[in-house]
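So, here's a batch of structures to check.
What follows is chain A paired twice: with chain B in the first complex and chain C in the second.
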Partner chain A sequence: MTSPQLQLRGKLAETLSRSAGARLTGSGSARGFEWFEVSQNGWFASAACAAAEGWDQLIDLTVVDWHNSHAAIQNNARYELVLLLAQQGQTPRVALKCKLPPDVLTVSSVSPLWAGAAWLEREAFDLYGVRFLGHPDLRRILLYAEFVGHPLRKDYDKQHRQPMLRKSSVTKPGPGA
Partner chain B sequence: MKALKKRAPKRRLVLDMPAAGMDTLALVMGPDHPVLRGAVRIVLEVEGEAIAAADVQVGFSHRGFEKEAESTPYANSFALVERLNYVSPLLNAVGFALALESLLGVTQKIPERAQLVRVIVSELARVADHINCLATTALSLGVSNACHWLQRARAELWQLLEAVSGPRLGPSFIQLGGVANDLDADWPAAFHAWTPRVRRTLSHSEALLGNSPVFRERTVGVACIKPALIGAWGLSGPVARASGVAVDVRKDAPYLCYDSFDFDVPVGSHGDNWDRYALRMEEMRQSLRIVEQALKRLRPGPICYREAAWSPPSKDTIKTDPSNHLLHHAQAIFGTPMPAGQVYSAVEGANGELGFFVVSDGSARPVKCRVRSPSFMNAAVLAHVLPGHFLADVVPSYALLNIVGGECDR
Partner chain C sequence: MTFEIHTTRVESLLKWVQQHALDQYPFLSSCCGLEFAAAAAPANRQAMALPKASPRQADLLVVVGTVTERQAPTLRRIYEQMGDPKWVIAFGACAATGGMYQNYAVVPGADQVVPVDVYVPGCPPRPEQFAWAVSALRSQIAGQPPRTAAALVAIRPYNTSFKPKP
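Up next is the complex of A and B:
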């Protein structure tokens, strides 16, 4: 990494570790981005730190299901939320991550900070079942409203069949509509 | 960055619609609609002709790419990746290959000839996507001549690409380490014979569209996306640049050998439909410029870097050599393990930053194979921008955001 990138990363690391709300628990390098892991409760505060530091370009928000990882299951940290950010025109990407336990699959929405996150969070809800508190319009986005389950979870079988829709359920808006 | 040719923004007549006491009508456009290309449903609340609210519903082309990729050997997913943005399949494949090569740690070992060929097909894929966008926009706004001229140019472009890669929708041309085939010796001459024709087509189409009062009325000053929205809505590519935000992955985070090419990235100033149209015209000319430079730099050499651990055996030996035959089948069925780790690798797709976030646990299938889709973010901003516009503005605004269903819904 070149020195301006190190500086940007270092600045965010410093801000996150000094912020009481963020609760930084780890950081590291991956190919193409630097990552900072924060606690579930500190998710919005960390995101707000990053936004205040000038990480104003929303890149992506997604979830990784570590269902097949013994370590993740033992630590009750099956799901990992990943938020990728950039600064306009700058090379380094940063990722904010937090681990989510399957029994408390809720986290604050960051859509007040980046409006485009609303759709990305809808997709995370649709495919993984993560609930985003304060989301303006949390409903499915890629799948139809009557879909049952969250298919990108590892325990959702790829070949799993969905219930046939009754005619009446199609004419009325479903719960996810 | 190159600024687009200036023209005076046209003032639009805003009819005073009395808000109080007027009922709204729920109008559903799509997912099957004569002029909304692709399968997107836009549910509008209209007061007369004015849009009060819009709900853009995507997902009709969702095929579960990410779920499928998690149970597929890495190299087999090239076939799926090409079907994301199906208008520019080679570009998606280049992005995916770069992500996996980054994970393997062999990015610096890709031979120069392979890099140049990848740049050539990527830029031609960009031209194909832009032509498709502008041609269908022209058709949907009634300037059908421009559509036919542009689509003819795209047909000729695809003949050039077929000569390189073979199939059209699923070229399977980009592979780990480089490319599968080399350019024929006469390919550069065929390309140079085509470029004057496509440049003429672009000029004629530009003249037709630019002089069409209908086209201008429906694009100039319509659906302005302010620069402040770009970062917050995750916008990139032509949409961001039309709003004056000069982001381009080829310049900001160069990959392949893009940092060694001389090319401009046009930038608009109003962020309206017109800028998104004019910008794509200029980008196509810049893409042709890059391809011409790449062809001049081509030298004989290998087209693929190979390592025994993960390279596929040469296709012409798998029917005669027993060990290669077994290796081919073993790789296709069981896959080859990738080093454990995570990578986010982005390329400049035709619609913006096309990123691949791949998580590997050291096995032959990814834990996560996420596609960062520029079309998805473009679709998100459409609902934000439409209120306050007229019903007729939906078609050009939707068309010039170029929401490709396969890329948006994955």
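Up next is the complex of A and C:
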């Protein structure tokens, strides 16, 4: 790691650890980005910290399902929400991670900070079922509204068939709406 | 003055009419749909059934291309709108078995939704395979073994006991 990268990482790590709302629980470096793990309750605060530090480019927001992994079962942290950020001119990107338990699969939406997060969060909701508080329009984006289930979860069987609904029988929007 | 009298059965006459006056309703989607347009080229016209714009006027439903979970109820509804007697040809690997897709969005074969009489394998099938499929269907309607190359289309007996999955 070159010197400016070390400084940069230290700066954001410092800001995150100092901020009472963020609750930094881990950090590291992997594959060209620096990752910071924060608690579920401190998600919005850490994202706001990062945005204030100049990490204004939202690259991606996605979810990892650590179904059946030893750590996930031990710590009741099956899902991991990952937010990738970049800054103009900075080489290492920053990833904010947050572990989510399957029974409280809710986290604050970061769409007030980055407008592009709105659709990425809709995708995370559509395919994993993660709910985002404060999202302007949380509904399915890739799948149709009457789809039952969240298919990218590891316990969704790929052979599973959907119910054959008649369009006329659908009187209200499905669970994804 | 001489008369010629031919005797036959009404069933044979009906079968002859049915197999030679097939009107088809193509249910097109994805890549096979465009290949099917090539299959409708004038060179294959004499073997093709006449395409109709409405399922209510057709006897033959040609399911062309991938059947998705979202589209499956629509396909079922189109099939139910057709009047008896009706036949179904599944054109392409996706319509036959789901093709290369094995995921949450694709129904593995049109026969999960409608009863299929002739499967045309291929990705996409060659245009003349559709002509062979129609010819195989005609033989099937007549109750006779198919005259086409059996390796290129697959037929099963007309299924009158099909129950769609709930």
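To be clear about the criterion, the second predicted complex is superposed on the first by the 167 of 177 C-alpha atoms of A that agree within 3 Å, B and C clash if a C-alpha of one lies under 4 Å from a C-alpha of the other, contacts with A are read in each partner's own complex, and residues count from 1 in each chain.
Note that in this section a contact is a pair of C-beta atoms (placed from the backbone, for glycine too) under 8 Å apart; a residue touches a chain by one contact, two chains touch by 3 or more.
Every value quoted in this text rests on a predicted model; they were computed, and no experiment measured them.
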Which of chain B and chain C A:N68 touches, first, second, both or neither: first
First (chain B), second (chain C), both or neither touched by A:Q159: second
Chain B versus chain C as contact partner of A:L58, first or second or both or neither: first
Contacts of A:Q90 with chain B and chain C, given as first, second, both or neither: first
Touched partner set for A:A115, first chain B, second chain C, both or neither: first
Chain B or chain C, by number of chain A residues touched: B
First, second, both or neither for A:G32, with chain B first and chain C second: first
Partner chain(s) touched by A:A77 [first = chain B, second = chain C, both, neither]: neither
Touching partner for A:A13 - first (chain B), second (chain C), both, neither: neither
Doubly contacted residues of chain A, that is, touched by chain B and again by chain C: 143-144, 151, 158
Interface residues, chain A side, partner chain B - complex: 30-33, 35, 56-60, 62, 64-66, 68-69, 82, 84, 88-91, 93, 95, 113-120, 123, 127, 140-144, 151-152, 154, 158
Parts of chain A lying in touch with chain C, wherever the complex brings them together: 143-144, 147, 151, 156, 158-167
Footprint of chain A on chain B - complex, ascending: 58-59, 62, 64, 66-68, 70-71, 102-103, 229-235, 245-247, 252-253, 341-346, 353, 355, 357, 359, 361, 367-368, 370, 372, 376-377, 379-381, 384, 409-410
Chain C residues touching chain A - in the complex, by the definition given at the top: 69-70, 72-74, 76-77, 102-105, 107-108, 112-113, 164-166
